[in-house]
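Each of the two complexes below includes subunit A, the first together with subunit B, the second together with subunit C.
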Partner chain A sequence: MNPTQKLTARRARVRSGISGLSDWWLTLPLGLFFAIFVAVPLLLLAAISFHTDASMQHWGVNQYQRYFTDPYNRGVLWSTIGLGLATTAVCIVFGYPIAWLYTASAPKWRRVILLCILMPLLTSSVVRTFAWVVILGNDGLIDHTLMALGWVTYPVKLLYTPSAVVVSLAQIELPLMILPLASSLGAIDTRLTEASHALGASQWRTWWRISMPLSVPGLLSGALLVFTGAVSAFVVQTLVGGGQLMYMPFYIYQQAIESQDYPFAAAVAMILLVCILIMVTALNYFGRKTRGFIHG
Partner chain B sequence: MSLIDFERRKIMQALAALGAVSIGIGTRTAFAAESLAATTFPGAWEESERRFQLPAFQKATGNSVSLSASQAVDTLTKLTAARANPPFDVVMMDEGPYLRGVELGLFETIPSAKVPNLADLPPKFIDPQGLGAYISAQIYGIAYNTERIKTAPTSWNDLLKPEYKGRVGLVGLDSTLGIVWMVALAKMLGGDEAHMDPAFDYIRKLMPNVGAVASNPGALGTLFQQGQIDISCHYINNVESLKVKGVPVALSKPDSGWGLVRSTMNIVKNTKLRDQAAAYINTALSVEVQSQMTGSPYFVAPTNSKVPFGSALAAIARSSKEMESFVQVDWQKLNPLRAAYIDRFNRLVKA
Partner chain C sequence: MADTGNDATDHPNEYPNEYSHESPNGHAREDAKVHPQAHPRVHPDKRSGHHPRSFGYTMAIIAILGLLLLIVPSVVVLITSFTSGYSLKFPPPGLSLRWYKALLFDSPEIVDALWVSVKVATLATAIATVLAVAAAVVLARKRTIAARLLDSFFMAPLTVPSLALGLGILVLFNLGSAGLSFYSLLAGHIALCAPYVLYTTSASYAQLDPALLDSSRCLGASPWRTFYRIVLPALRPGIASGAFIAFMNSFDNVALSLFLSDARTEVLPIRLWHIIEDSLDVRAAAASGILIAVTLVSMLLMERFANASSNMSRQIR
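Entry: the complex of A and B
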C-alpha cells in the first residue's frame, strides 16, 4: 500500500464512522465501573427485595404485597410522586419566563442572567435547605414580615408542610429546568417567529404555535431532571418536611438502617426506581412524539 | 443541546461518585498500617473526642488514631458487611445497636488486665460478658423555652396542657432519644418495653399540641431556635449548647425521673490491633478524659465513679453511682419490637 492509498483508506474509515473494534475498548473502563458499582448492586438490591423475612432465608414476593396492600405505604408513594409533579410544575411556571428572558436578551445581559441562574448551584444544597428552614420557621423571615404588617397575630405554620417542601425544592432544582429550556429556546431559528409575525400572527399565537412546541424537548429534559431530583431529595424532604411527612427516600433509610428490615427497604427502593423509570420512559416517549410532530 | 446538558450532568455525577469512592479507599489504606481505626458519633461528640480523647491516647501510648464519625446504626451495618476484615478496630455504640452487635457476635471480650480503669466503673456499666464498657452517658429531661414558658414544667404530663397547643416537639422513634422517651412514658403510665400502649395513647392525646415532629434529635435544636416548638424531650448537652448560642432554653427534671442513654465502646472481633484498642478504651474511661468531657459545651456525663459531676451536670447527679437509678431501657427486650413501634409511630403522627 503506498502512502496515498493509506490516506484514502483512513479517510474512508473516518467517513464511514466505524473505525474498527478498537474504539469500543475506550468505553471499557466506564463500562466495567458501571457494571461493578451500579449494575451488580442494583441486581443485589432486587434479589434482597424478593425475600420474605428480615433474615433473608426465604424467597417470595410478599414484601411487594405488604407494600401495596397497606394504604399507608401507598400514600407514601403517591405523596412522593405528587411532590415530584408539583415541584416540576412550579419549576416550569417560574423557569419558562426566565429562560425566555435569557434568550431574548442581548449577549451582554445574557452573561448576567446566566450568572444569576447558576448562582444557587454554587452553594451546597444542605446550606440552601437550612436557609429555607430559617426563612420558613415561626421566628423566620416570612412570619416576621406577616406579623409586622399586622396581617396575622400568631405565626402561620409554614415549615414542615408539603408546600414548604415543594417551594424549597423548586428553588433548588430551578437551574436544572432553566438551562435545558434556554438552550432549546436559543436553538429556535429566529426567522420562524419573524415569518409568523409577517404572516399576521399575534405575539401569543406565535408563542403558542411556534416557540412553545419547538421548546418542548428542552422542557421535557428539564422536567426529567427536576422530577428525578425532587423525588429523591433526601435532605430537603427530611429537613424542610420533618417527621410527619413521609417520602420514599426517608422511608427506605428508616426501614433499612433503623428497623433493619432490609428486604422491605429494598422493595421500597425498587418500587421508587420502577416509578421513576416509568416517568422517564413516558417523558422520552412524548419527546419523540413532539419531535416527529415538529419535523413531520 | 439539552441532551448534551443531560449527558454532562450524568458524567459529573459519575465523576463525583468515583471521587467519593477513591477518598474512602484512600483514608483506610493510608492509615491501616499503624494507626488505630476508631469511630465516634458525628457533631459535638467528634469534636470533643478529637480535643480530649485522641491527644490523651497519643500521650499514653504514642500511637495515632484515625477517627471516623459514624452513627451507631451505620457502624453496625459496616461491621456486619466486613466481618473478616473489619474497617474499624474499636467502635462507639448506642445501647440498642451495641446489643445487636453482641447478638451478631461482632465484638471481642475486653482484656480487663489491659484496661485497669474498668475497676472504677459501677458494675452495671460493664457488659456482663465483658464485650463492652459504658464510656459515657447522656441525660434527657424536659427542655423548654424559658421566655415563653415561665413556670418550669415538672412532669411529662405537663406537655398535654392545652396552653401548649401547637408548641410541643416530638422526635421520630427511629432515633434513640425518640424510642427511649416512649419507653419512659410507658413506664410512667404503667407499661414497659413490651407494653407500649399507654405511651401510644399518650401521643394520640398529645397530637393537638404537637407543633412539629423532628426527623432527628439534632433538628429539635433547630426547632427551638426557630421558635417552632417551645417544649419537648431533649438531651442536656444539646440544651446546654443551645444556651451557649443564646437560645432561651432550660432543662427540667420530670417527676418520673431523669432519663439516661448510655454509650459503649467495644473492641471489634478480628481486629489486628487488639491491645491498642484496649488501651483506647482505657483512655476513654480515664478520670482525665472523662472529667474534661463533663465541661462546657459538651456536658457528657461520666461513667467513672471517681469523676465529679461538674458545672451543669452537678444539678443532676453527684456521681455515676447515682445515675444507676435513672430511667433506663431494657434494650434486650426492646430491640426485637422496635421496628413495629417505628411503624406504629409513623402512622400515628402522619400529617
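Entry: the complex of A and C
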C-alpha cells in the first residue's frame, strides 16, 4: 500500500458507517448464536467429563484416569493419531506433484485439473467412502485386477484393514492438501527459480532448496486441514475400518449412544479435542516461524 | 563419474550465453565443498545421477496417478450403480436402471431422508449466510485483538470435531429438556455452515477497494444505500461460493447429525451410512450416482454464475 491508499483506507474505516466502531452490533446475532450453540455445548461437555458417575452427581478426574490406565483406550488414541499422521503423509506425497502440475500447466489444463480436484471435494463423503467399499471389497475392482493378473487365486482381504482406511482417507482429504499447496507454489516469485536454474542448480535441487521451503506455509495449512479431518472422519473409519478397528470418533458414539455413559464419552471427546488443539498450536507455531524466515 | 566428458559438452547447451561465464565459478565452489575430486564443470544433474528431465517426468507421473486416484472412485460408483446384478460386483455383470427405479419408487425411507437433508441444508445455509455476512462486513475491516479473537471463535466449528460439538448440543437440549427435534438438528447445522460463509465473505471484503465506499459517502449515499449498492454486489461471488460450500457440507454431514437427529429427522447421509454398514444394498450405489450427478451439475452451474471454483481455490488457504 502506498501512503495515499493507506490514508484512503483509514478515512474509509473512520468515516464509513458500515465499518465504523458503532457497527459491532452486526456481529451480535452470530455471536449470540455461537455462544449458545457452540461455546455452551463445549463447556457443558468439559463439565460433564469431570463427573465420576453416569448420573453426574460427583466431580472428579475419574474418567480421565479410567481412560489412560486402560491399555485398550490408549491404543485407540494412538491408532487415531497414527491414522491422522499417515493420512497426512500420503496426502503430502501425492499433493505436491499435483500442485506442481497445476502451477506448471497452461490455463486450459488448469481448469481440467481444478475440476478433478474440486469434484471429489464437493462429492458427499459417504459416497466417496462407499466407492472405496466397492473398490476394496470382495469381488471389487482390486480383487478382480489381481486375480486377472494371476497374482492371487482367492479374494484378498483388503477392506477392514488399517492401510485401507489410510488410503481411502487420503483420497478423501487430498483436495484439502492440494489447494493450499497450489496457491503457495503459485505465489513463489518465478525469478527465484529462474535464478536457481541460471546458477546451475538442477530442477531437483531447485525444487528441494527453493520451491519446497517457500511453500511451507501452504504445506502447514494443508497438513492442518488433513490431520483434523482424518482424526475425526467418522464415516470412513466406520465403513472402511469396520467393527474391528476402533478409532476415537466411533468410541465417543458407542459410549454415548450404546452404553449411555455420557461422562466417559465426554472425556473421550475432550481428549480428541485436546489432541487436535495441540496439533493446531504446533502447526501455527511453525507457521509463524517459517513466515518470518520467508519474508526476511 | 564416467560421464564427466559428456557434461562438459552438454553444458553450453543447457544455459543461455549471458550466464555461462558465471556458472563455472559457482560450480567450482560447490564442488570443492561436496566433491573435492570432481571436475569443476560437472553438471549437477549428472553428478547426482539424474537425467535432466527426470524431475518433470517423476512429478508428472505421480501427479497423474494422484489425479486418477481422485476421480476413479466416483467413476467406479457410477458404473456400479447401473448394475443388473444383486451385488456390488465390479465390473458389473450387465447394465440396467433397475436400482434407480427401486430407489425412486420403492424406497420411501430414503426419499424421506433426502427431503429432510435438503430442508436442513437449505434452511441452515440461508440462516448462516445472513448471520455470517452481517458479522463478516464488520470483522473483515478490523485488526483489533477483539475482532481477531471473535473471528477465531466463529471459525471453531472447522477444527472442533463435529462429533464433540454434536454431543455437546445434545447435552444442551437434554438439559433444557427440549429433546431432539428438527430444530436441534438445524441449530447444529447453522453452526457448521457459518464459518464457510464468514471466511469467503471476509476474503471478498478484504479485496474491496475502500475508495469506493469513500466516494459513495462523498456523493451523499446513506450507509445502507452504500451497503446495498456497493458492498453487497462486490461481495456476491464470495457469499455465493461460501454458501455453496456450506450447503454441500451440511448436506454431507454425518458426525453432527448422528447425535442431533432422531427417527423422524433422519438425514440422507445417515440413512446411507446405515445401509452401507448393514447390508451393502445396491440402492446405496444408485443414491450415490444421483448425488454425484447433482454435485457435478451444481458445480458447473456455480462455475458459470459465480466463478466459484477459482474463488474457492483462492480462498481455501
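Here is the rule we go by: the second predicted complex is superposed on the first by the 275 of 296 C-alpha atoms of A that agree within 3 Å, B and C clash if a C-alpha of one lies under 4 Å from a C-alpha of the other, contacts with A are read in each partner's own complex, and residues count from 1 in each chain.
Just so we're on the same page, contacts are C-beta pairs under 8 Å (C-beta built on N, C-alpha and C of every residue); 3 or more make two chains touch, one makes a residue touch a chain.
All values derive from a computational prediction rather than experimental measurement.
Aligning the two structures on subunit A places subunit B and subunit C in a clash. Looking at the shared chain after the overlay, A:L192 reaches neither subunit B nor subunit C. Look at A:L159: by the touch rule set out above, it reaches subunit B but stays clear of subunit C.
In the superposed pair of complexes, A:D261 makes contact with subunit B only, with no contact to subunit C. By the document's definition of touching, of the two partners only subunit C reaches A:V235; subunit B does not. In the superposition on chain A, no contact is made by A:M212 with either subunit B or subunit C.
When the shared chain is aligned, subunit C comes close enough to touch A:I113, but subunit B does not.
Touch criterion met: A:F37 reaches subunit B and subunit C at once.
In the superposition on chain A, contact of A:I278 is made with neither subunit B nor subunit C. Comparing subunit B with subunit C, more residues of subunit A are touched by C. Of the two partner chains, subunit B and subunit C are each touched by A:S221. For the superposition on chain A, the stretches of subunit C under consideration are 59-67, 275-283 or 293-301; the one running into subunit B is 275-283.
When both complexes are aligned on chain A by C-alpha atoms, subunit A residues 30, 33, 37, 133-134, 137, 139-140, 176, 179-180, 183, 218, 221, 238-239, 257 touch subunit B in the first and subunit C in the second. On the subunit B side of its complex with subunit A, the touching residues are 1-3, 5-6, 9, 14, 17-18, 21, 73-74, 77, 100, 166, 170-172, 174, 211-216, 219, 222-223, 225-228, 338-339, 342-343, 346-347, 349-351. The part of subunit A that touches subunit C in the complex is made up of residues 8-9, 11-13, 15-19, 23-24, 26-27, 29-31, 33-34, 36-42, 44-45, 48, 93-98, 100-101, 113-120, 122-135, 137, 139-141, 144, 171, 174-176, 179-180, 182-183, 198-205, 207, 218, 221, 228, 231-232, 234-235, 238-239, 249, 252-253, 256-257, 262, 265-266, 269-270, 272-273, 276-277, 280.
The part of subunit A that touches subunit B in the complex is made up of residues 30, 33, 37, 54, 72, 75, 133-134, 137-140, 155, 157, 159-162, 176, 179-180, 183-184, 186-187, 217-218, 221-222, 224-225, 238-239, 241-246, 250, 254-255, 257-261.
Listing the residues of subunit C that touch subunit A in their complex gives 15-16, 19, 22-23, 26-27, 30, 43-45, 48, 50, 52, 54-56, 58-60, 62-67, 69-74, 76-77, 80, 87-91, 131-132, 134-135, 137-139, 141-142, 150, 153-154, 156-165, 167-172, 175, 187-188, 190-191, 194, 198, 210-211, 213-214, 217, 222-223, 226-227, 231, 245, 248, 251-252, 254-255, 258-259, 269, 272-273, 276-277, 280, 284-285, 288, 291-292, 295-296, 298-299, 309-310, 312-314, 316-317.
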